[in-house]
Amino acid sequence: MRLLYFAWLRAKIGIGHEEVEVPDHVRDVAGLLAWLKSRGPGYAEALADLRVVRTAVNQAYVKPDHPVGRDDEVALFPPVTGG
Amino acid sequence: MTIRVEAADFDPGAELAALTRGKPGIGGLVSFVGLVRDLAGETPIAALTLEHYPGMTERQLGELEAEANRRWPLDATLIIHRVGRLEPGDRIVLVAVASAHRDAAFDACRFLIDWLKTRAPFWKMEETSDGPRWVVARAEDDAAAAHWLEHTG
Amino acid sequence: MTIRVEAADFDPGAELAALTRGKPGIGGLVSFVGLVRDLAGETPIAALTLEHYPGMTERQLGELEAEANRRWPLDATLIIHRVGRLEPGDRIVLVAVASAHRDAAFDACRFLIDWLKTRAPFWKMEETSDGPRWVVARAEDDAAAAHWLEHTG
Amino acid sequence: MRLLYFAWLRAKIGIGHEEVEVPDHVRDVAGLLAWLKSRGPGYAEALADLRVVRTAVNQAYVKPDHPVGRDDEVALFPPVTGG
């Protein structure tokens, strides 16, 4: 699975993107976020308040119950502030 | 129906002229230019850096343009959004909409910038005298975008 | 806070750039450009001739600008209206409003063009294949202007 | 009194402006319009339907009961169509 991080999520996690092998029990966005939190203090800090984390799967906004699989591109980022 | 995401500045006059050229059915052209302000609240801002999600940005903006064209009879639309480091007074974004009728052009232009601000994956980092900080999304922007869910102009 | 009534064409890009130059508190700039359409309903239009009432025009536009500034916190406003003979695709009018906030700029720009269309003493004569004819005022324009009497944006 | 005519009112009356001495009984806009109608067929035709005639006194919109005097500039014109 390809993971992308933007803005302060990228800064806290320390990288902009990575390829990961997720465990079999990770089936949806909520499961993915829970697993990521366990991967280190940067992840835990970035994902401490999920109210300010948005998720896109394959470049479309999704909700926590959206399924994720090994071929997906999953992006995590704060609420957008362009324009 | 043009979308561009780029670091370079744009020329609003040239863009607007190109948008209407050769289309004599256009009666009204409404544009919005967003500029970097020198203050965020009361904090002086030295510069902004705009980051985005390449690919998803263009996809989201394309969906917004398609939605605007479903809602209003439009002759031309244009969205240009800059990325990278910008200073106060610099242009950030141009949204322009041309239509036979001004009401459609006004409504569609406002719809596009309202939704761009809440859906297009851009993020601003401000340089202040206290160091850099990420801009926090505004509740007013969510409200402005939500307005269009109930309202078709 | 500029008003110009003139026969010459204007350059929207240069006008918009001049409006915001040296004012780094401006966050949004909304503009409306009105263009001569090639059709009035289904009748082809070869040209328009715009007549006005010199003196009263400037006075009415000045009152509209003052009213917009009372209603919204604006950093700059500009109204340019052409007179004389114009052909399809030609620019007729530019209304531009700059403010710290985009909502104020959108509302004030639309207010100005809505009220200009019902209060500023301009008249259009169309050249058609059946000869010249004076344009009749549109009930929709009165309704658009009346909207602002009940609504302060 | 200085009178100004615009658009099709000017075309029907045949002149764009004139200086007139109005009779003493003309005290307001309504009285002025009634008197003007009597001045000839062009005036009568231009002023046949007062629903489509707007009046400005000294460059401000007024209603039919607005007073007019010898030093005023009075303009008659159709509903405006600019922008």
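Letters are used for the chains, namely A, B, C and D, taken in the order the chains are written, and counting of residues starts over at 1 for each.
By our rule, a residue touches a chain if its C-beta (ideal position, glycine included) is under 8 Å from a C-beta of that chain, and two chains touch if they have at least 3 such contacts.
Small disclaimer: the values here were computed from a predicted structure and weren't measured.
Between the Cα centres of chain B and chain C there is a gap of 23 Å. Separating the centre of chain A from that of chain C, both taken as means of CA atoms, is a distance of 48 Å.
Centre-to-centre spacing of chain A and chain B amounts to 26 Å, using the average Cα coordinate of each chain. Under the contact definition stated at the top, the residues of chain C that touch 2 or more other chains are 34, 113. Taken residue by residue, chain A touches two or more other chains at no position, since every residue touches fewer. Taken as a graph of touching chains, this assembly forms an open line, each chain in contact only with its neighbours along the path. Touching pairs of chains, sorted by label, consist of A-B, B-C, C-D.
Residue ranges of chain C in contact with chain D, taken from their complex: 34, 50-53, 55-56, 59-60, 81, 92-93, 113, 116-125, 134-138, 141. Looking at the complex, you find that chain A touches chain B at residues 4, 6-8, 11, 56, 59-61, 75, 77-83. Residue ranges on chain C touching chain B, taken from their complex, read 11-14, 16-17, 20-21, 23-39, 88-89, 100, 102-103, 105-106, 109-110, 113, 144.
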